[in-house]
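Look at the two complexes coming up: chain A is in both, with chain B in one and chain C in the other.
Moving on, here comes the complex of A and B:
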């Protein structure tokens, strides 16, 4: 009993001195709590769906960040991993009756294979060459899918998969917990020695090579890890939507992933996740435009022409969703070119000039080495 | 005779798509070379120009040729404005520029979707009728398009290699810092290049519009093929882009006319060839391996 209280006190002490001191850590904790408690706060299947889709794309965007953000190997064809994961798990599930719990990891393994197959030739390429070459792989695959509809379902895709779980809540928790675990794993990977090497590859590959590190091996590792996580998100998507269609491989999917990741801030992992959880609910929220109506009283007191214009304007409003989305991204980027989350983080935290530990920005002295912060 | 028909069809279709990709790729690699901007919105300008022509000829009743000139001028100004206000402030951050251009393309696509709807539209050819060679119908518009495209390519080529501005653009593309030291205003050259690049995209749109159908998503396919052409030919090499564009154009035409289900496979095969070339020659056909950017 005494030892239990001892460990509890120790835990509380760690919690107070490590988590509560930094706003970003508190934010991460609140995010975890929010995701876990969400079904209690908003018990509505529609809201579950938004969060589930956001979680799936959060894994995808974070996996893009793991590859492209950290190693600087710009991958414009991330939809390849997503699509291969989705199609493989869908076909395994449908043809061999493998349950989702096994078919999703198998799909991820297939995505890793795809990553290795394209990674080995692509590693000889640099920068923009690599970006534009990777862009082409999902398009090649889409062409194949359309050309051989007997096997792949063509335009309609593979449908009729088994569900992840029988209830909305079950679906919700399976996807969100997977997301939280995978994102934490990715965060840990990028925090480890591997992450440091990957980061160094982006900054100066030659310097890393001269330090005796086999950069090709690490780049391939990044390709496979990223492919694995993206493949899992693809499998989850296929089983959640119960269909794997060619839309998973579209150029748009690849571009959206890049948008999420850069919008949130690259080489951070938490950035892309945060960006997805800002942008996807924003897109859903913009659906309220469908219900905007102008009250008749206001219309009656307006000049006729202006009234007509307003009515017309409200009619086309629902279709402006993607327009507003893209415009919002453009505007945010103009003011926060490093991404949304790093910008916010720099507002509330400052780095100690002496010991490089982060501090809340209202502190005058560093919390570790007491150096002057300003 | 069926054999001959296919040969002529393949040549015409390959020349048209090859020239389209070549002009687009030229503009794309110009702005990439000078300002290191991967302009995803490049073909979105091409799509916009097509829509401007459509609305000018059908909604306002302007003569098609005047409409083309208007379209090119309007789109060029739009391109320069977008560059000045959206891209130049964040030019130091490559990643931010990248998604800024993606978002810009999406903005254009969505505004056209709002203004014209998602259905297919078409524009009448400038010259009606066709020429019959060995029983194959070749529309005058197709011939005109090929001739205009080749003339434009030649004109831009001459401009780049003979004039002082062209020299400035080429030298900035080779080494930005040294060009700056030699007294070239790098910012101004970037604006000029952006203008020329967008004008070329708009011009392509203007030339091609009678031969294709308009829809707000028409920018995606040329975007992919244009990028593939640039990479295949080798970045930084204008000659390479031309060769790459024509290789891809003819591959597409061959696949469409000779393979069953070719319409689906044409992009796959063309891109597959690009990947094969890159595996053998990572710097592209005519590319030179640049040292690391300083």
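Moving on, here comes the complex of A and C:
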């Protein structure tokens, strides 16, 4: 009993000295708690759906960041991995009756294959050329899907898949826990020695080669890792929506991912995840514009012309949803060029000039080396 | 074997109409420091880049330890035991200085030869200490001055534990005092041994340099290039008296 209390105290001490000292770590902890406790706070299937879709796109955005943010291989066709993952797991599930627990990883493996197939010819390309080439691959695949409607369902896609779980809560937890685990894994990868090499490849590839590192191998590794995670998110999407359609391969999807990643802060992993959890709920929140009505009492006391104008204005209001969304993103990028989350992080934390450890900006001295912070 | 450590034979390289390297042949022994000098545009950097495999030669062969290395990928050549620095420094500017060196420590050669060394960061730190910039290890590489970038290049090359080191203007941008320091550390490196966790093979070296005075002090042999051709090859004193060399550097006198 005594030893139990001893270890418990030690654990609390570690928790206080490692987690509670930095706002960013507290934020990550709160995010985890929020995701896990969400069904208790808001027991509403509509809210579940928002968070589940956000989780799926968080995996996708983080996987784009792993490839393009870290390695600098601008991939504007990330929807390819998403679509291949979705279609493969959908077809395996529908035709061979493979349950989601196996079909999603198999879909991810197919996405890895797609990543290698694209990665090998694209290795020699850089910058805009790579971006344009990768952009074309999902479009080609959409064309192929329309060309074989008997097999792929054409424009309607593959529908009638089995559910992830039978209940809303089950769906919610399967997707969100997968998201938390995969994002942590991705963050860990970028935090390791592999992450350093990927980052170095982005800076100067020739210099990495003259350091004796096989850059081709690492770039392909980045392509396949990113494809794997994006494929899982595609499989989750297909099984959650119970349909895998050509919309998963749209150019729109590719660019949304890029927008999420740049909005949240490139080459950070946590940035894109945070961005998705800001932007998707925002987009859903803006749906309230559809329900805006002007009460008749107000209209009756208004001049005729102004009243007509107001009615017209309210009518077009729902269509401004995407406009407001885009305006919000542009403003954020104008004032926070590094992205939202790194900006916030720099506001609340300062780096010690001596030992480079991050501290809460309230502190006067560094928590490790006691050097003056300001 | 000692004669065939690095063997360059009939090497040719042209950029369009310009012949950068013309029929160059020379050998480097295992225990030598060779200075490579010549006027600007003589092809010194091109020669080093071809040995490193960044540029492909048009014809001719390069043998390292009896193996043909031209046509191989750069990383394979590095892992055979050659390392090089760049004349215009190419650090990873957004990474901390220590991470710059850790990339080199992560190459298969350094990992395999790590013996009991498993801590890559500690080893990178020792390479920085050898180059003399360990106090700034956590700073971003973009904050370094020209001279310190040179040292970072050297640290990065040394971290792969090479047997043949190609230094492209290691004294460029250094003050006289710093030049002496760098010359000393190059000599120390050539003797071999351990620098903390870092192991030095006592590499043979090819040094491209314009500061001839300092270069003469550390090299055993000098090769002079002019317009892609080797015009002299011998001990420093001989080369310094060679008429062709003086002509190529100072131009022809009237009489």
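Here is the rule we go by: the second predicted complex is superposed on the first by the 373 of 374 C-alpha atoms of A that agree within 3 Å, B and C clash if a C-alpha of one lies under 4 Å from a C-alpha of the other, contacts with A are read in each partner's own complex, and residues count from 1 in each chain.
Operating definition for what follows: contacts are C-beta pairs under 8 Å (C-beta built on N, C-alpha and C of every residue); 3 or more make two chains touch, one makes a residue touch a chain.
Predicted model only: the values in this text are computed from it and were never measured.
Following the overlay on chain A, a side-by-side fit with no clash is recorded for the pair chain B and chain C.
Contact with chain C, but none with chain B, is seen for A:356 once the two complexes are overlaid on the shared chain.
With chain A used for the fit, chain A forms the apex of an angle whose arms reach the C-alpha centres of chain B and chain C; rounded to a multiple of 10, it measures 80°. After overlaying the two complexes on the shared chain, residue contacts for A:214 are found with chain C alone; chain B is out of touch.
When both complexes are overlaid on chain A, the residue A:196 reaches chain C alone and has no touch with chain B.
In the superposed pair of complexes, A:206 makes contact with chain B and with chain C alike. In the superposed three-chain model, the partner touching more residues of chain A is B, compared with the other of chain B and chain C.
In the superposition on chain A, contact of A:188 is made with neither chain B nor chain C.
Once the two complexes are laid over each other on the shared chain, residue contacts for A:333 go to chain B alone; chain C is not touched. Chain B and chain C never share a C-alpha pair closer than 11 Å once the two structures are laid over each other. Common to the chain B and chain C interfaces on chain A are residues 206. Residues 52, 54, 73-75, 78-79, 83-84, 86, 90-96, 99-100, 102-104, 106-110, 120, 138-139, 156, 159-160 of chain C are the ones touching chain A in the complex.
Of all the residues in chain A, the ones that touch chain C in their complex are 193, 196-197, 199-200, 203-204, 206-215, 355-356.
By the touch criterion given at the top, residues 121, 124-125, 128-129, 131-133, 135-137, 139-144, 146-147, 206, 251, 255, 258-259, 262-263, 266, 316, 319-320, 322-323, 325-327, 329-330, 333-334, 337-339 of chain A touch chain B in their complex.
The part of chain B that touches chain A in the complex is made up of residues 32, 38, 40, 86, 89-90, 92-93, 95-96, 98-100, 102-104, 106-107, 109-111, 113-114, 220, 223-224, 227-228, 230-231, 235, 261, 264-269, 271-272, 274-275, 278-279, 282-284, 292.
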